[in-house]
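Common to both upcoming complexes is chain A, partnered first by chain B, then by chain C.
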Partner chain A sequence: MTHIEKTIAALKEKFGGNIVDVTEFRGETTIVVDKVAILEVVRFLKEAPDLRYTFLANLTAFDDWPEEPRFNVVYQLREMTLPANIRLKCRVAGDDPQIASVVEVFRNANWHEREVYDMFGVTFTGHPDHRRILMPADWQGHPLRKDYPLGYEEVEFTFNFKEIEKKKPYAKE
Partner chain B sequence: MGLEQKLGDMGIVTTTLETAVNWGRTNAMWPMLFGLACCAMEMVSTVAGPQNDLSRFGMELMRASPRQSDLMIVAGRVTRKMAPVLRRLYDQMPDPKWVIAMGDCASCGGIFNNYAIVQGVDEVVPVDVYVAGCPPRPEALMHGIITLHEKVYKMKLKDWA
Partner chain C sequence: MSAQAETELLDTTLDELKHLFSPRAHSGETVVLNMGPQHPSTHGVLRLIVELDGEIIINAVPDIGFLHTGVEKNMEAKTFLKALVMTDRLDYLNNMGNNLTYCLAIEKLMDVKVPPRAQILRVILAELQRIGSHLVWLGTHSTDIASQSILFYCFREREKIMDIFEMISGQRMMTSYIRPGGVWRDVPADFIPAVRDFLAYLPPHLDDYEALLTNNPIWIDRTKGIGVINAEDALAWALTGPSLRGSGVNFDIRKVMPYCGYEEYDFEVPLGQNGDVYDRYYIRMLEFRQSMRIVEQALAKLEKAKGPVITNDRKVAPPPRSEIGVSMEALIHHFKLWTEGFNAPKGEVYVATESPRGELGVFLAGNGGPKPHRVHFRTPSFVNLQPLNEMSKNHYVADAVGIIGSIDIVLGDVDR
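And then the complex of A and B:
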């Protein structure tokens, strides 16, 4: 059987109830994992001698508001010799968005998790350097959430030009 | 130039002095290297390209140090994180100094109406000339620079730095 099928079988045998769903679309397999087990699943996928997913290709998130649980944190792992790609998805609720950090398994997850924290507000427990990476350090809000306003300033047309001019902050010398 | 300002309007001496000093200021205005994004490419082709050559105005010397430059051409998008840096560099430039906001993103935020981009660099530094375009053609930037020269020619003694 293929490496992916072997992986799914091994995961189901070891983690049973924590594997919520397995889907496959156009050659790419996605495994939805329960939030509590994500660190162990990732460590198992990296360190099991016949699975060897040693490369964390991507760690992002997306917001499914207003569906709950709202945030989906996505890990894309890659096995280097065959090669084989697998995607893990973890749903995190909106009112207390926390998930375990995988930095001790994959060191490159450091900046990826900082970006997910900055853009979505998902806190990663156990992260060594938990701060914003793209926005300024004192920024309020998390920009890529679905309920964050899209534009910054009202678009100026001729009919609202004067009102916008009154409110616009101009710099002094 | 404090002495002339203290003595006040001395008639023909003042006007000749104004003309002379303004002529001097326009003819060798050194821009500061402030190309941020795509507008920087057009700025480079204005400064160094063979057709539009800023050397004829004495401006081919783009100083990297703000202490040695007179003109800041803000070419490109300024993000919220870059805005304090921009202000600090502007404050480090000695008087007299001018700012050209080149391109749509520096003038008004351009097509990026979002959380990350400063909507018009005049929220951060006071701008003298806005050059529109995305990116503005080198001829358009030249027109902006010549407009700035005309503005400098008209400066009066009491407005000098």
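And then the complex of A and C:
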């Protein structure tokens, strides 16, 4: 029994219905967890003495818009001695994008969660420093959402130079 | 902006950030200052909001995002191959490593096998890039700690690596040489002698730099016991690379989760003990030599390994030019690849490599189409910068500069 099989069995036994699905793709295991249980699942994986997923390698999200629930928050956990990698995935609905923060279990989740909030607008309840991180503090919208358009700059020629310059958001005196 | 407006702006910023500073900052007992973003010793556009008691740092809060270029968003709008050029621009000291990690993720997603000659070339280039990146780090870091002569020497050495890259790819920095399925094209005949020359050229110069720094009492005064992070904290902050190994944790992705056949090479992972600036410095000095060892072994292998440098899977990699003139199918593949690209299956993969700074991870999701559904770069600089506040507490401002240098951040890598 590999470490990952043991992990899945332990999770199913402890959390039952909150473990929604387990998939394998290209040798990587993804465990879909109900978002209400994420904090407890992460804490269990880190603190159970025979599982020891003590390293949060990555935390990110992606958007499946227009499907619902649209957001997927992804946690990449690692057991450091073997090593063994698993991925947790939580689906978060678009009308109420909220999920519990895991900062109290993994300190380094702090910036990752701020980035997910910044880019997708998913709020992390219980986060100690819930601000934008990469975009300016007064930015409107969340750029990595699929319904957020990819902006571009209009090409200036001599005939439309003045028109385009007028629209540009230069700093005012 | 008028002086009054400026003060108001500062006040609102302070209100929003109240929870990050000690109560003494609100009573005016300590001073809150800006350091950066335009500051030569923050290695790019890093802004630190530092709370000072005299010259002692009470809190140092990094404010990042000044170099955010929306690479991840842009990549979603391009085909897998077109998006490759954006990876060069993330960590601009580790271009080959970024190409490599992104291509490994595509190859995992598409289930493509890479020919052995390409694997060896990838190892050589990744290690040369590590040497190049460490040279820039050594130059800038020693300049930060007021040892200014080394910078120019380091850049002189790095230029030789840039020349090798230019020889094989036509570009010094933005190489895009490593492609999904292999590498762009085979290296010219001059490549192996040029790398051999470089391997013979560098060691005496490295000895010089070590003679200047390693036992230099001023250098030791400035680095020993500064910015200490113990092994437990380093793991809790998910530090990787030299920053983690400086604290004595033996974790190198090339060893524990090998890629590109790193398991076939004989090399050591240098470890520190104290987790201070000096240990992180010394580990990188040893890593130079280990990287050179790997390149030497790989060159010997490269001489023996003949064969293609990119996969024969025509659905991912273009056919050679010679085939296009004679094969209709090759022409169709060529046309389809350069117009539409290839379709990746629905699914998610995560690939991690050891960049000069630590674990560079790519999370890649496909949706059945020719464009990535989501690319996320788990960049070592972003993660390693987080504990800066912990590391620089109760040190002098001048030491904070040394600490930033010792974790070796690249702001393009932090902000993406």
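Here is the rule we go by: the second predicted complex is superposed on the first by the 153 of 173 C-alpha atoms of A that agree within 3 Å, B and C clash if a C-alpha of one lies under 4 Å from a C-alpha of the other, contacts with A are read in each partner's own complex, and residues count from 1 in each chain.
Just so it is clear, contacts are C-beta pairs under 8 Å (C-beta built on N, C-alpha and C of every residue); 3 or more make two chains touch, one makes a residue touch a chain.
From a predicted model like this one, the values you see are computed outputs, not experimental measurements.
Student: When both complexes are superposed, which of chain B and chain C contacts more residues belonging to chain A?
Tutor: On the superposition, C touches more of the residues of chain A.
Student: For A:56, is the partner it touches chain B (first), chain C (second), both, or none of the two (neither)?
Tutor: second
Student: Between chain B and chain C, whom does A:76 touch in the aligned arrangement: first, second, both, or neither?
Tutor: A:76 contacts chain C only, not chain B.
Student: Applying the touch criterion given at the start, work out whether A:7 contacts chain B, chain C, both or neither, answering first, second, both or neither.
Tutor: Touch partners of A:7: none, neither chain B nor chain C.
Student: Of the partners chain B and chain C, which touch A:101 in the superposed model: first, second, both, neither?
Tutor: neither
Student: I'd like to know which partner A:85 touches here: chain B for first, chain C for second, both or neither.
Tutor: second
Student: For A:135, select first, second, both or neither according to whether it touches chain B, chain C, the two together, or no partner.
Tutor: both
Student: Based on the superposed arrangement, let me know which partner A:169 touches: chain B (first), chain C (second), both, or neither?
Tutor: Once the two structures are laid over each other on A, A:169 reaches chain B alone.
Student: Taking the stated contact definition, name every residue in chain A that is touched by chain B in one complex and by chain C in the other, in rising order.
Tutor: 134-136, 143, 150.
Student: Tell me, which parts of chain C touch chain A in their complex?
Tutor: Going by the criterion above, the answer is residues 16, 19-20, 64-65, 68, 70, 72-74, 76-77, 108-109, 111, 235-238, 251, 256-257, 347-350, 352, 359, 361, 363, 365, 373-374, 376, 378, 382-383, 386, 415-416.
Student: Provide the residue numbers of chain B that touch chain A in the complex, in ascending order.
Tutor: 80-81, 87, 108-109, 113-117, 119-120, 122-126
Student: Contact residues on chain A for chain B in the complex?
Tutor: Touching chain B from chain A are residues 134-136, 139, 141, 143, 148, 150-153, 155-156, 168-173.
Student: Show me the residue ranges of chain A that touch chain C in the complex, using the header's touch definition.
Tutor: On the chain A side, the touching residues are 25-26, 28, 30, 54-58, 60, 62-63, 74, 76, 80, 83, 85, 87, 106-108, 110-111, 119, 128-129, 131-137, 143-144, 150.
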